[in-house]
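Okay, got some structures for you below.
Here chain A shows up in two complexes: once beside chain B, once beside chain C.
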Partner chain A sequence: YINVLDSLYLCISRAGRTDLIPSIKLRHCCLLRNQRCLSAYLYDRLLRIRALRWEYGSVLPPNIRFHMCSEELQWFNQYKKSLANFMRSVGGEEGLDITQDMKPPKSLYIEVRCLKDHGEFEIDDGTIILLKKNSQHFLPRWKCEQLIRQGVLEHVMS
Partner chain B sequence: MDSQSYLPVPPGVGMEENFLSLDDILLSHERLPSRTECLFPRLGYLEKSTDSQDIQEGTKMELPLWLAKGLYERKRRVVSIELPKVYREGWRTVFNADPTVVDLHKMGPYYYGLGSQMLHFDSPENPEIAQALLQTFIGRFRRTMDSSQNAYNEDTSALVDRLDSLERDCQPTLLCPFYEFLPRFCK
Partner chain C sequence: MFVTDIRKEFYDVVINQRVALLVATDIDALCACKVLQALFHCDQVQYTLVPVTGWQDLGTAFLEHKEQFRYFVLLNCGANVDLLEMLQPDDDSIFFICDTHRPVDVVNVYNDSQVIKLLIKQDDDLGVPSYDDIFRDEDEEADDSGNESDGGSEPAGKRKRYDEGAVERRIERQRAKREWEARRREILFDYEQYEYHGTSASLVIFELAWVLTKDNKDMLWWAVIGLTDQWVHDKITHMKYVTDIATMQRHVSRHNHRNEDEDNSLSIDCMRISFEYDLRLTLYQHWSLFESICNSTYTSCNFKLWSLNGQKKLQEFLADMGLPLKQVRQKFHSMDMVIKENLREVIEESSNKYGMKDIRIQTFGVHFGFKNRFLASDVVHAAAALLESTEKDESASDNFIKALDCLSRSNLERLHLGIDLAKKKLIAIQQTVASCICTNLILSQGPFLYCYLMEGTPDVRLFSKPMALTLLCKYLLKAFVSSTRNKRCKLLPLVMAAPLDVEKGTVIVLGIPPDSDTSDKKNFFGRAFEKAAESTSSRSLHDHFDTSIIELKMEDRTKFLDALITLLS
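Entry: the complex of A and B
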């Protein structure tokens, strides 16, 4: 953009129309302003999309995907991959899921209530729990975190 | 959106704006009373009060900060920007006397931000303006910190309403760790 402006100024001075420069400068400011607003808007969208990975997990609900353009979906997939690679590279052989326990947990197991039907849910020792609406369960915290964030389970504080 | 994961671009510090900061974009939208110091040919349509094809030299207009910054040049006279009332001598004396009294949110929510940006226009009062901004912030900081840390479980909205945007940004980070700490001692 700056190069275009400079070459324009050069043409103008050669043609002897330097009186037009203030107006050209004003219009140029307007173009830069529009460019800034658009860039900031798109960048803010990306920051929110990035936050979605931490809020919802790696699968986005369809109503959110609907509002994203294909480039944003692509960006999200690449971010997911970067994050997954990073998590695999820390914490030894199994990797470390850093999207869990983002706040220091107070207890290992928590009481949860199911807010909607979610079907069968397997926990680490192989037991299968049926998540039916309004059922309550006492489950390991780390298994529930993502479902709590997605609004499927609700932490019941006694 | 959980405040933990969404980290928007913060406003710039001092005289620098952050290009992608939404706060800075809103800040630079503020209009300043200005005067054109040269002719702007063919842009007469921007200025509703006259029918001229051009904007004449000496026209008084209200320009948004982003345009004022873009057009202003130190060596050439293109535009001259008037200092808004809050940064002039009269108000500076008020701030000097007691900075905590003023409702900074009402004086345009970006008092510190806009004040810092005004320094770009080479006013002879720049040193005084900069001093006033600094002293006002220092004067208010202690008060707002004290009242917010001692208002556990009370409604602080009356206090927060009178804060400038920069002061509000300072609040959450100061309060949170402290409040999460307290219950352990209260049990």
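Entry: the complex of A and C
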């Protein structure tokens, strides 16, 4: 950009229109500012997309993908891969899923309350639980974490 | 069938399984639920908790969950109907029923197929008829035809005699059978006629916790609240209440002596449960003494506070005790320490002079932290007010969750909110009673008294809920008995109707037995309502677990009442 600006100044001074220089400077500042705003916006989107991986897991719901452009999707996939590589490298043979247990767990099973109708939910041994509004369940912590983060379930502490 | 060893036959069976908990909407069931939840948390038994408000809800909940769960625990529902017929479960569902409703349906008791297990103490006066009186083996029928065919294979000469003998025997057997069936009908009628309540569910579950030595003070407190709920809503006799209080007192002493002695006393923040011989003034520690006296059934009925005379008597009473009006109208916490010190004894002495011999009642209180002291009845009223709150956007299950939460010690704001709602409810009850008595809204219909709350009555929405309406009913009957001069009317039961849903045009009708000190609290209105509704083909819904509470279409009210009058005369 600086090169363009310099060459523009050169043209102007050759044409004898040095009175235009302030307006050019002003316009340039505005352009820079807009660029800064847009960069901040795009960066914020990236941070949110990164957070999505931690909240939703590796598969994003279609209504969120709808709002992402293809470059962002690409970025998401690459971030996913980096994270997966890192997780595989940590914790021995199987790798360590660090997206679970984001807060130190106090117990194996937790009591959760259903905040909205979510329909059927399958847990590890194949049994299905009907998640109806206001029903309470006592379930293994790792199965509930996703749903707690999504706001479907609420951890009840008594 | 009854369970004899609750640990082996119930807890050890479900401990490695997933359980569906179906809980009725009354405070005793909520307390039993909390104790059972705490036990399940200890042993990591996975469960799903579903609140049920009536038989239809129970059926729906069962259908929704029968695919996923094999074990169902029913708290305060299911004992008084033939559950197998109602739910039609598949072969592998097993039900554990812990219910205070009596009488227990005979099919549930004598069911052989291991499907229904009753977690009910058998030393309650259950009065279940013996097996032979109501069930007849089918083999006896086969004998008849067997004999006849034997008789037929004999040679012709002897056959004639055998025939006569066989015919006589047959006639004899048929007569015996008819007699047996008539006796059976009579026995069943006597058994099922009166509805009443047994030991609280929370006490049964607490005793399970005790047997497992996993009981703690929180569970004990919940058991106390469950028992107190039965007393507040007048479900058990005074004798039974006192007996159960003695049982609880043993547990309380056991828990208290464990931790506290001269050298290491507990921190003030720890929970302490103490036996209290406290005043029967509802919520008095969270209100002002004056308000509490005006809004408690016992004092209000004894003074007849709906009349001017009664108000004067109250002023005299307060003057007699030397309590200045200014103090008495203040919040209890802000009353002078000097007055608060001997308050109970002072009030008891004065009450004796005014004819109130039982102003004090045995109960328990809890205290943790400097500010938090609650009597068991305070918590019962708060939880009941939350459970039946009539805010527009809240469904029954929202209220259930709120009431369940307020029982935990960590949700004190909710408990205080409940106490505020309870105060409003008690004031509404008192005002409704006053207006009913003063405008003579209670009419004698012959075999019972009847009162109908019109649609425009203030706070009538509060009384569309069963527990609130029950409280109002009992209060109203006591007030009526103390204000009427008609001796016959004092011995009559009361039927009350209030609008339930104005759009659908339904009313809620409930009946309570007559008021007396020695009443055994047995209620015959369940069967009476059923028969009256049948005979007039009124559009009624017998959905509540208490059969003495039904819903009825407004238009059918009059003919239903007429049928009830004829039935009970």
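By definition in this document, the second predicted complex is superposed on the first by the 117 of 158 C-alpha atoms of A that agree within 3 Å, B and C clash if a C-alpha of one lies under 4 Å from a C-alpha of the other, contacts with A are read in each partner's own complex, and residues count from 1 in each chain.
Everything below uses one rule, namely that a contact is a pair of C-beta atoms (placed from the backbone, for glycine too) under 8 Å apart; a residue touches a chain by one contact, two chains touch by 3 or more.
Everything numeric in this text was worked out from a predicted model, so none of it was measured.
Of the two partner chains, chain B is the only one touched by A:26; chain C is not. Judged by the touch definition given at the top, the superposed model places A:59 against neither chain B nor chain C. Contacts of A:113 after superposition on the shared chain: chain C is touched, whereas chain B is not. Residue contacts after overlaying the shared chain place A:133 against chain C, while chain B stays out of touching range. Looking at the shared chain after the overlay, A:102 reaches chain B, while chain C stays out of its contact range.
Of the two partner chains, chain C is the only one that A:157 touches; chain B does not reach it. Of all the residues in chain C, the ones that touch chain A in their complex are 18, 37, 40-41, 44-51, 64-65, 67-68, 395, 397-398, 400-401, 405, 408, 410. Those residues of chain B that touch chain A in the complex are listed here as 1-2, 4-9, 19-22, 25, 38-43, 66-67, 70-71, 78.
Of all residues in chain A, those touching chain C in their complex are 107-109, 111, 113, 127-130, 132-140, 157-158. Listing the residues of chain A that touch chain B in their complex gives 19-20, 22-23, 25-26, 28-30, 32-33, 36-37, 39-40, 43-44, 47-48, 50-51, 54-55, 102.
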